[in-house]
Amino acid sequence: MRKPGFDPGLTQQYTGNVRRFIEKDGSFNVRRRGGTWHDVHPYLHLINMRWPQFLVWLIMGYLVTNTIFAAIYYELGPGELGLSAGMTLGRYQECFFFSAHTLTTVGYGSIAPIGLGANVVASIESLVGVLFFAVATGLLFGRVSRPSAKIGFSENLLMAPYQEITSLQFRVVNRRANNLMEIEARVLLMTVDSVNGQVQRRYQQLKLEREQLTFIPLTWTVVHPIDSESPLWGVTAADFERRRAEILVMIKAYDDTFSHTVFSRYSYRYDEIVWNRRFAPAFTVDEDGELVLDLQKVGQLTDGDGPPALTN
Amino acid sequence: MRKPGFDPGLTQQYTGNVRRFIEKDGSFNVRRRGGTWHDVHPYLHLINMRWPQFLVWLIMGYLVTNTIFAAIYYELGPGELGLSAGMTLGRYQECFFFSAHTLTTVGYGSIAPIGLGANVVASIESLVGVLFFAVATGLLFGRVSRPSAKIGFSENLLMAPYQEITSLQFRVVNRRANNLMEIEARVLLMTVDSVNGQVQRRYQQLKLEREQLTFIPLTWTVVHPIDSESPLWGVTAADFERRRAEILVMIKAYDDTFSHTVFSRYSYRYDEIVWNRRFAPAFTVDEDGELVLDLQKVGQLTDGDGPPALTN
Amino acid sequence: MRKPGFDPGLTQQYTGNVRRFIEKDGSFNVRRRGGTWHDVHPYLHLINMRWPQFLVWLIMGYLVTNTIFAAIYYELGPGELGLSAGMTLGRYQECFFFSAHTLTTVGYGSIAPIGLGANVVASIESLVGVLFFAVATGLLFGRVSRPSAKIGFSENLLMAPYQEITSLQFRVVNRRANNLMEIEARVLLMTVDSVNGQVQRRYQQLKLEREQLTFIPLTWTVVHPIDSESPLWGVTAADFERRRAEILVMIKAYDDTFSHTVFSRYSYRYDEIVWNRRFAPAFTVDEDGELVLDLQKVGQLTDGDGPPALTN
Amino acid sequence: MRKPGFDPGLTQQYTGNVRRFIEKDGSFNVRRRGGTWHDVHPYLHLINMRWPQFLVWLIMGYLVTNTIFAAIYYELGPGELGLSAGMTLGRYQECFFFSAHTLTTVGYGSIAPIGLGANVVASIESLVGVLFFAVATGLLFGRVSRPSAKIGFSENLLMAPYQEITSLQFRVVNRRANNLMEIEARVLLMTVDSVNGQVQRRYQQLKLEREQLTFIPLTWTVVHPIDSESPLWGVTAADFERRRAEILVMIKAYDDTFSHTVFSRYSYRYDEIVWNRRFAPAFTVDEDGELVLDLQKVGQLTDGDGPPALTN
């Protein structure tokens, strides 16, 4: 019986060229169709939304709620809010601002509910207001406090000398100042190959020099040594292109500030591989015996192609 | 000594036919009795309740609290709230709306505590109000932000051709747009068998082609190959029914948006198994090289019973 | 070199009889001394406190804060709050209630800051109020939503027949209605023994028939078979007492509602062991094919000492 | 091919003496440069800030927001807030306090928006206020409830007799009253060595007598036995200094109150090692059979250098 190949949850079926599997921001190049509204989790949308869009939604929600309640107060008539005399603005405007006073529970009392209808509606609106802002508070805080690693990846994947052989290397850094613990890397090679006369996608996990670091205060050069057991043994740049190779990277770490496991995805396509270069060190020791890490240098290459250096 | 069989925490004792162990919504077919109020965790109830029921409880809590405080203000007499003159509504109504002003901390001041009694009660009520809405806020947000995977399962379990043999297959998909990482499946076969002349339930874990995927941007066809070591080797549809077979499925994954591990349970009963059919692919590659996944097609079968295809 | 014995983090040194290591509520029988206030985490105290005590602290905080601010307003003089005319209550009382209006942000306006001093203090107090209730809200919600398993343990530990030999058994149940997944048990035997002529405590992990269940919708009878490799092989009730045996139990599970790992500790002392009895089943199948679990029966024993039964 | 040495994520390159790798507070001795504002996560800063600094930021935010809104109200003119007559304080002051009433949603109504402009601005400000305090609430609670172990380490690392040989020992204690479960230790030796004629840093994991405890109600003496396989076999104090040895310690545990995994880092430099001494016990059994732990004694040494004792 044929052993099934490694499959990371992407398709093995080849039905056309896929631009790339993992985008530069870590998302998958997959469009979803056919979902029903039951599958939509509003929290997911509101938490993943970009900030300007989120704030627009929040302000829209505030305005629309006020507009609706203002219309109700207006319909109830002027006496209900005691607006008959001494009204400075248009009555609808007064209703709108009374609604805002109520929704935010400011309640100045400069306008106040007098009649039964206005009192009932205002009691409901203040409840709605408290609950509306409860959800807004939660979302705002959920967005702000959401655990999210900001792993920096070197722009290029290197085919670099390593001990007596060649290796595939890329470099990662924690771009944030928090501590990442027990950081792990997993690297997959995706190619389009002909297997038993059938064109299909193939996934192979690349063995790493080390798969986990205890912590990552500096940079980590993730190294796959290309020995005779590696699926990349003897592969050339032309092979990479012909087989439409994409190197998929998954980083997993424990974020010590947020107390949560965080994931980061990245991918390098065949045209992002640089041959026979090495990474330049990204840190120095200053005169006080302190290590200084330069985040700009995470992907910086050395000028020449000198002898193999220590990878970290 | 007899090695004890695998037991997933369900009973091995056969005392009658159990309709099914796991319901279609993932809950266990178990009713609980004999618990004391100490065992009730109100949060669990309020967080698991359906939305309409939750909102009814919330509104009831608001109304009941206001009704009680209104009665207290009413008992204190009209002077305490300065209601003697210029009263527009009935006195109890005014008390009720004053209570609502206080509970939600709107505090218009159109009605205000004048006497000592009303002031004391209002001080207490505003404290109650802040704490009541604190809990309501927490519950509301806890409900909205609760990590919950929405795994879609194929309607049927297939007995489908696989390489040279047969296999048991079902398909799962992440119905939501968030990322699930490190998704794992565990599949158990539950049967009612006669062991040493005693009728009892038996549980056997079914070995899967692969038990974990790194991520699941598309569908995952979970496959149990029925080789000579499988407890399903040579089993027929009639055997499944006679032994009252139920296939219990547990899916575990890490939800990257909620940063939590999520579980999903499902089961297939003997009458939900389809023989000699295969799943149709649920995704295509469009002209831009983008993968398009159709959530409707997760359980779709091919028309004929052609040659074995790639499972993913 | 002597292999160090298993040590669960308790002492091996014998300097006197310890009443018991783990109390019935799962806490350790350890008093702590010599900590500084730096080691106190107020959140831990406020979250672990019993409810009545917590509410007393909350109300005290509210009263004390109001008393202090009221004294400040009083010192500022009557004009600052416009209290000179039409005052209904004593001036300090008015100051106190104004403070309550401000702290809870009710702000009726029936009393309002007029002078500079009162305005400044009121601005500060309203800020304090919002932050005070922010913390109270968080604590209240933290208490309510805190993940906490409520594992029920059988009152007694049994020395019960098991297959052809004897076994040590106890039974656990999830007393709450939520789902516990991947439940694990670890059982340690603690004895006071003479090792190389030195009296010391010894800890031995007892091997279980099974250490993990996938889920626990019903009861779980945790079984340590006393075979020839068990440290309990041939041990009598008198031995247990003489060696002051205590069986320490740790249960670990994943709570599917709170999405957190939960722990539960328990212990059985030598005088809580019952010999030659078995547990009665705690569930039945009703006429609808539904399983019915009776939480009262988790520790119930059978009347006689009949043949060995299925443990689950 | 040379097997790469163990690397904890620190550098192997020797470009100068590093004062120490891990500071006494557990942070890494690394300065970061070249980050962009995209890499700054404001929540991380606000949650890691010291309390006085955090409160200053909070109060500053409150004052600045009020100052800005007060200026806007002032610009709108006196009629907008109805301040023309009966004004007690300077107009800007009245605007400032009105802003405070609005931002905190106290809303006394002693000053209230009359004109269109003031009403619009006040509607916006009350929204800003609710959201500002939503974030402040979240931060305040996030700070208070943040899981953080407070592991106490013995001041010194001992080279102490152990069975027939020598061992490296240090002692840890949970300084807080909460329960830590499944506590793990990992210990690394960092030295500056000459490898193949090249000066470089070397990292070696030190094998521990036991790497995990089930719980830690008392102290834990972490022991690395220096047998013939240890990299410390036959090492002298002079060697430690010459090789600039630093012992890096990482403690990982599950905090049962916060329901989170917590980490603690520590390091001992060559000049913090004490030779031929042992730890004194830090606990006693009192007359009630209760264990009493003295947190002050976690690092206390015995006076003489008697025979080897039990490590726990």
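Annotations for the structure displayed:
Order of writing sets the chain letters: A, B, C and D. Residues in each chain are counted from 1.
By definition in this document, a contact is a pair of C-beta atoms (placed from the backbone, for glycine too) under 8 Å apart; a residue touches a chain by one contact, two chains touch by 3 or more.
Values in this document were obtained by computation on a predicted structure and should not be read as measured data.
Of all residue numbers that take part in the contact between subunit C and subunit D, under half occur on both sides, making this a different-residue interface.
Ranked by how far their CA centres sit from the centre of subunit C, the chains are topped by A. To find the repeat of A-D among A-C, C-D or B-D, check which pair has over half of the same contact pairs by residue number; it is C-D.
Measuring from the averaged C-alpha position of subunit A to that of subunit C gives a distance of 36 Å. One finds 26 Å separating the Cα centroids of subunit A and subunit B.
Counting partner chains per residue, subunit B shows two or more touched chains at residues 101, 105-109, 137. Contact topology of the protein chains: fully connected, every pair of chains touching. Of all residues in subunit C, those touching subunit A in their complex are 105, 107-109. Those residues of subunit C that touch subunit B in the complex are listed here as 58-59, 62, 66, 88-89, 93, 97, 100-101, 104-110, 133, 136-137, 140-141, 144-145, 148, 150, 152, 163-165, 175-179, 181, 183, 209-210, 213-218, 220, 223, 225, 227, 254, 256-257, 259, 281, 283-286, 288-297, 310-312.
Interface residues of subunit A facing subunit B in the complex, by the touch rule stated above, are 1-2, 4, 7-13, 15-20, 27-35, 38-44, 47-48, 101-102, 105-109, 112-116, 119, 122-123, 126-127, 129-131, 134-135, 137-139, 142, 146-147, 186, 188, 200, 250, 252, 258, 260-263, 265.
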